[in-house]
Amino acid sequence: MADINAAFKAKMVQRKWAAMGVLFLAAVIFPMAPGVESWMASEATLIIMYIMAAQGVSILTGYTGLVTVGHGGFLAVGAYASALSTKYLGTDLITGMFVGAAMSAFVGWALGLVFLRLSGAFMAIGTLGFAFFVGTVVNNVPIFEGREGISLPKNHVIGFEIGDIGFYYTALAALGVTTLFVSLLVRSGVGRAFMALRDSEKAAEASGVNRVFYRTLAFSLSAAVTGVAGVLFAHYVNYVSSEVFADIWYSVDFLVATVVGGSAVLLGPFVGGLFVAFLPTFIELFVDQPGDLAFIIKGGALIFVLIVAPAGVVVGLVQLFRWLRGKLGGDTQ
Amino acid sequence: MRRSYKSFITAAGVGVLSLAAFGAQAANGPGVTDKEILICSYQPMTGKVSSYFRMGKGADAWFKHVNANGGINGRMIKYKMVDDKYEPARTKNIVKRFVERDKCFAIVAPLGSAPTKAVIDYIVEKGIPLIGAGTGAAKNVFYKSRTVFPLYPPYDKEGTDLVRFTKEVFGAKKIGVIYQNDASGKTHLKGIEVGLKQYGIKMVASEGYEPKEVDLSSQVIKMKNANVDAMICSCAPEPAAKVYTERAKLGLKVPVVNVFFGKSPKVPELAGQAAVEGVYFATIFREWDDPNEHIQKAKGILTKYYPEEQHDAVHLWGFTGAQVFSEAIKRMGSGDITRARLLDTLEGIDNWKGSVVPVVDIGEVGPGEEAIKHLLVPSMNYVVYKGGKFQPFTPPWMK
Amino acid sequence: MFGQLFISGLATGSLYALTAVAVVVVFRNTRTINLAQGDFSMIGAFVALVLIKSFAFNYYFALAGSVVFCIGLGILAERVVMRQIADSDWLTLFTATLGMYYILHGVAGHFWGRDTKAFPLTFDPTPINVFGGIISQGHVVNMAWAAAIGLVLFIFFKYTKQGIAMRAVTDDPETAALMGIPVRFIVLLTWGMAGFLAAFAGVLIAPIIYVSPEMMDEVLIKGYVAAVFGGLYSIPGAIIGALLIGICENLAGGYLGSHFKTVTAFAMIVLLLAFRPHGLFGIQKRREV
Amino acid sequence: MTLLRLSNLEASYGAVRALQGVSMDVAEGAVVAVLGANGAGKSTTLKAISGVVKPTAGEIEFDGKRLNGMTPNQIVRLGIAQVPEGRKIFKDLTVAENLRMGAYARSDKAEISKDLDMILELFPRLSERAKQLGGTLSGGEQQMLAIGRGLMARPRLLLLDEPSLGLAPIIIADIFATLRKINEEKRMTMLVVEQNANIALKNSSFGYVLQVGRVAVEGVAGDLRQNKEVIESYMGA
Amino acid sequence: MTSHLRCDEVTVRFGGVVACNKISLDVEEGKIIGLIGPNGAGKTTLFNVLSRFQDCDDGHVYYRDQQIDAKNTHDMINLGMARTFQNINLFGEQTTLENILIGAHHLIGNPYSNMLWLPSARRNERELTDRAVEIAEMLNLGDELDNPVKNLPYGHQKRVEMARALAAKPEMILLDEPVAGCNDEETAELKEIVKRINSELGITIFLVEHDMAMVMTVCDYICVINFGANLAQGTPSEIQSNRDVIKAYLGEDDE
């Protein structure tokens, strides 16, 4: 029994990595495939940025169990950190990502300390307040240039100017790194501590998990990943403005992406990011000027997913797959 | 399953072939066939500023009207609008799609400062004419390119003019400013500061507000407490209505002039006529109830194609770009429709009185020069709301 | 200036209060933060507007129609959506209400357009003087309405069987079930009440912030903040939170500058939560093992 | 006449098999004690009767009706009230409101107010504190309130889950005296779950001792008090 | 005798209720000590004080003569004290192995190198896993390593809790009702395990339990509390014949 289970699990793990590998390989080949135009790569870039931001949210909300409605704030922190360092120090995109991640991680750490004892609905409103706070700061403190915004030069990576395809590959590489990072993290002792805090704070503390340290660590790692996505958002359109980054709808969309895909599953943000970023474009393929219909479809789809697969699409599909297998296996016997 | 896959392949193949055939027509510009001209625009159909989608509806109504009357020189105008939710990253993708997939001939009457800022580099780089975008942000208006045709003057110039207005019409010495805390309001503020120096006036109070703010009482109270002689209101219609309601409530009787994008029948409708009585507005268009034939025609068209809409200035923004574009195509006659010819033709529109704008007079932009000379609506007029309607008002210096 | 800022703030705060109370009522009996609460109000306002404009109802009949419609909407939300996932975790419930938010937004936009619409002024626009501050009659009437609804709620929760049962379910659902209280019916009642409050909030606020699909977004967030401020379980706490936020916002706008106005509520809530993680009147749960 | 009959009742919480075949008979008008150590399944038995825990197997029959599958409020309407373990007073409701909730399933207003008077007479301490919040009462007062709340349903069968828990001996004696009085005056049937074997058996006519989800010993109360096994099951000798 | 854990007149009040009233007791190194008392006697509160989940209002707690009543909860593991919970408190979605590994959390070394799987962390992680497997086998959980614990039978879950506590390499384990809810078979098994942990690994055990049969056969020494105060202490046979204890358990018998 156990051996079968272990074997099954090993197989699933293998499959997961195989799936990820195929996915990335496909993503690498994609822009070069015949019939694929640059705008499709741009669409994919948008999805990549959403996936990455949702990965950040999933570290906190999925693996550590702290619901955040404020990751738009970290998106802004990452975006502005990189934008300012590009404008005043002339850093390139790669350096920008490190700057954005570091700044975001620092702010996340501080926020984690402030919200040390919050959970549930209280944490949600606290993080939402943080997003608004960031919005007000970038809107009013002169260095951020408010809604007028900061225009950035064309993107450079180690001295070479990159176009939209180059940007796509850069974003893809960054997504590869964050995916690797998240997958290592959640399998490590630190990831176990996060999940232990999520499942039972008491038992975690009794097992020696330092609640303060790991909560703030989860906050800063989560913020860092979303911060990198913010850097990409900023450089993708070469422009940051409080009109864009002070918007709470990013925060909400990232949370939706995390929930839809499955909050504590590696593939979850991929499905969720696709859902949030690509759904409007997808609907447009079938309906001309969907407008409000897009809203209705989005809401309906969201509720449908929650009712049918409360643990997210990925988990739901795995369960469906197992059920089907059991059913088919039963039939042949 | 298998069959749908096959049909998909077939469809894709047909698509690729037809695209190839499309590109083969060398003479006309992209998006132009003998039957049709495809032009595009991005609009905030949903999301936080969706009420500005009125601009797109205005342009759309005009093109529908054109098509219903047989198009222009035998060509229909296909006007494609896509929702960008006012998110620049989406705008960028949408514009790329316009250019690469849809092969749009030009981008006409799109909306938004932030979205346009994010895509203008790309649009110019690809040589796509950008006609009548709804933005007064400096980057978009002063862009050094011959392919950009801005709609209206930059906000800072308007701000300066409004200061002059308070001095020469109201005789004000110390003024107060209420502004929307965004790019438009802050640019107005910049222009106002220039005007203050120029006309020797003091600004004793300046209060911002957030576009969605529920209650604007504290801002108006501050105006009252600062004892201002006159107010400049850089407010969109809904907030303007709130400001005038509060102003009437507090009995603040000082004269007010509002920027042009707040000039809308919405304001008296929302705030009540009494509260708006005597408020001056800058404006760039004729009034909806102006007996002028072009306005009346536009009114009919909008009512026909968007019967639910209440007539607003933002619709006219859309009309302007659409009408100027149609005029240019008309003037190009039966020859090849190319982008280069479009630019030449547009620059050749001088002293044209055939649209909702009193006069369209497009200047020429040489290489390396700023697009400001391309303004579709270069001049600003004023109106005053009296006795239940907007009435033309001519300040002393324009007489 | 203080008096005027204070009174205007109080008027705004009372507009947040009904939404805050509804957030509390739903949360404490169902663990759900209802993000669609504002949109119930928005739909309610549209319904009232349609009744007035197209069916020539007078204000009070329109209000009544809106109340009936919103109660139905609340009950529908519970039966069709929330009951299916009633046993799920907090986040799922929260996200599901977000789904309802999207749908209601889309429906309103689809049927009534994205234009801002005026709501007929029902009261004499002449302002009146109260304690050195000026306040419009509409605001006074709204505050009176809000107070009246508060009183009705107070009587309902204090003296009626269903009201007490609702509080009993808040306190301990399992024991309530043991007493023969039908918990599911009470939950349905809770959503009906959310609809009731939403209709009043929407119709009362409509003449002031006008009617559009987005009209309640800001109010909902302030209402949620106010509810958390009061600890999420306490109705008086939510009302106090709402008034406090209205007043502090206005004072901050007046004395610190308008830049600080909208962020005030969030600065307040972040500060409060940093020191009192369960709100002002929240129950600090003992750490039991 | 048998009022309540459990036959081979099984129930579990997740992985815990709390009941593994419990059978009991409660005669009308009797006071029956259910004894046993922690985790023996006493509370689960009561919860299954009240319909809060759904049995996985076995039958519950009350006055000839099958209770399986009924909702708690249907069961209360049939005449079964429970005084839950740990009192479970509604802390944010006043004493009077708590009592009123006990009568939720009834609609005979005049009778309800009569019962209320009766209970306040029975527990004069409660009438002094009628307007206080339930959470502010002392442990003994809370137990009185919980019993009063159960009585407000005017049940034919009252289920009591550890009424002596955490109370001082003098108060325990007091409470049991009252229960006996109610039983005698109203002929109300009672099923009392207790750890405190002596006091429970002294005040009951029949007893069951549960051990790990099964009935280990049963018998007339007086006999059980002398029973070696009972002591052993408690003291683990 | 060496004192391993000692509490000295510990008092805890919740509002007006005194949950623990000047309780003193001493846990001798290397022994199995039982804490018993009727429901509501204050056992769990005392347990929480000892494992630093609860502050005491008065009195002190000493671990090997070091005062610990101001320590953080998570520091107790570093001192060498692990605990289990009355109502199983496992990480349900995770596998048995992962649950056991959480117990070894304080041995993961530098968290930053751990989360990036640097070579040292990798080596360390392998060692911890090996040890976790060893412990699992010792507790007859070898077959369940890859199963999510929420799918395990109750008795197994109890053992996983114990395994998690053992994974921390403790010198002392506090067991909060280790056999509550278990059937006879499971109880017998757990009893055996508790004895083995004590004798083979030399770990001091302090347990709260209601199952007297288990307490009497396993414990070297028993403390009884009632109404939040010390009632009696002694060897199992002394306790079994103590009049006060019998009275407390079976109830006041005034006849």
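Points worth noting:
We call the chains A, B, C, D and E, going by the order they appear; numbering starts again at 1 in every chain.
Quick note on the criterion: contacts are C-beta pairs under 8 Å (C-beta built on N, C-alpha and C of every residue); 3 or more make two chains touch, one makes a residue touch a chain.
Fair warning: this is a prediction, and the values are worked out from it, not measured in the lab.
Among the remaining chains, B is positioned farthest from subunit D, on the basis of C-alpha centroids.
The interface with the greater number of C-beta contacts, when A-C is set against A-B, is A-C. Look at where the CA atoms of subunit A average out and do the same for subunit B: the two points lie 36 Å apart. Note on chain placement: the centre of subunit B and the centre of subunit D lie 76 Å apart, centres being C-alpha means.
The centroid of the Cα atoms in subunit B and the matching centroid in subunit E are 73 Å apart. Centre-to-centre separation between subunit C and subunit D, using Cα means, comes to 42 Å. Counting partners per residue, subunit C has 109, 114, 259, 262, 287, 289 as the residues that reach two or more other chains.
Among the residues of subunit B, those in touch with two or more other chains are 45-46, 48, 181. Within subunit A, contacts with two or more other chains are made by residues 139-140, 202, 291-292, 294-295. Note for the complex: subunit B touches subunit C at residues 45-46, 48, 50-51, 53-54, 181, 207-210, 212-215, 217-219, 221-222, 225, 237-238, 241-242, 245, 248-251, 266, 269-270, 272, 274-275, 308-310.
Against subunit A, in their complex, subunit E makes its touches with residues 51, 53, 72-78, 82-83, 85, 89-94, 98, 101-103, 105-106, 108, 111, 114-117, 121, 125, 128, 142-147, 164, 168.
Note for the complex: subunit D touches subunit E at residues 14-18, 20, 37-39, 138-139, 162, 164-166, 168-169, 172-173, 194-200, 202, 212-213, 231, 234-237. In the complex of the two chains, the subunit A residues touching subunit B come out as 35, 37-39, 42-43, 46, 49, 139-140, 146-149, 151, 164, 233, 236-239, 241, 243-244, 247, 249, 280-281, 284, 289-292, 294-295.
Subunit B meets subunit A in the complex at residues 12, 16, 45-48, 81-83, 85-93, 96-97, 99-101, 113-114, 117-119, 121, 137, 139, 181-183, 186-187.
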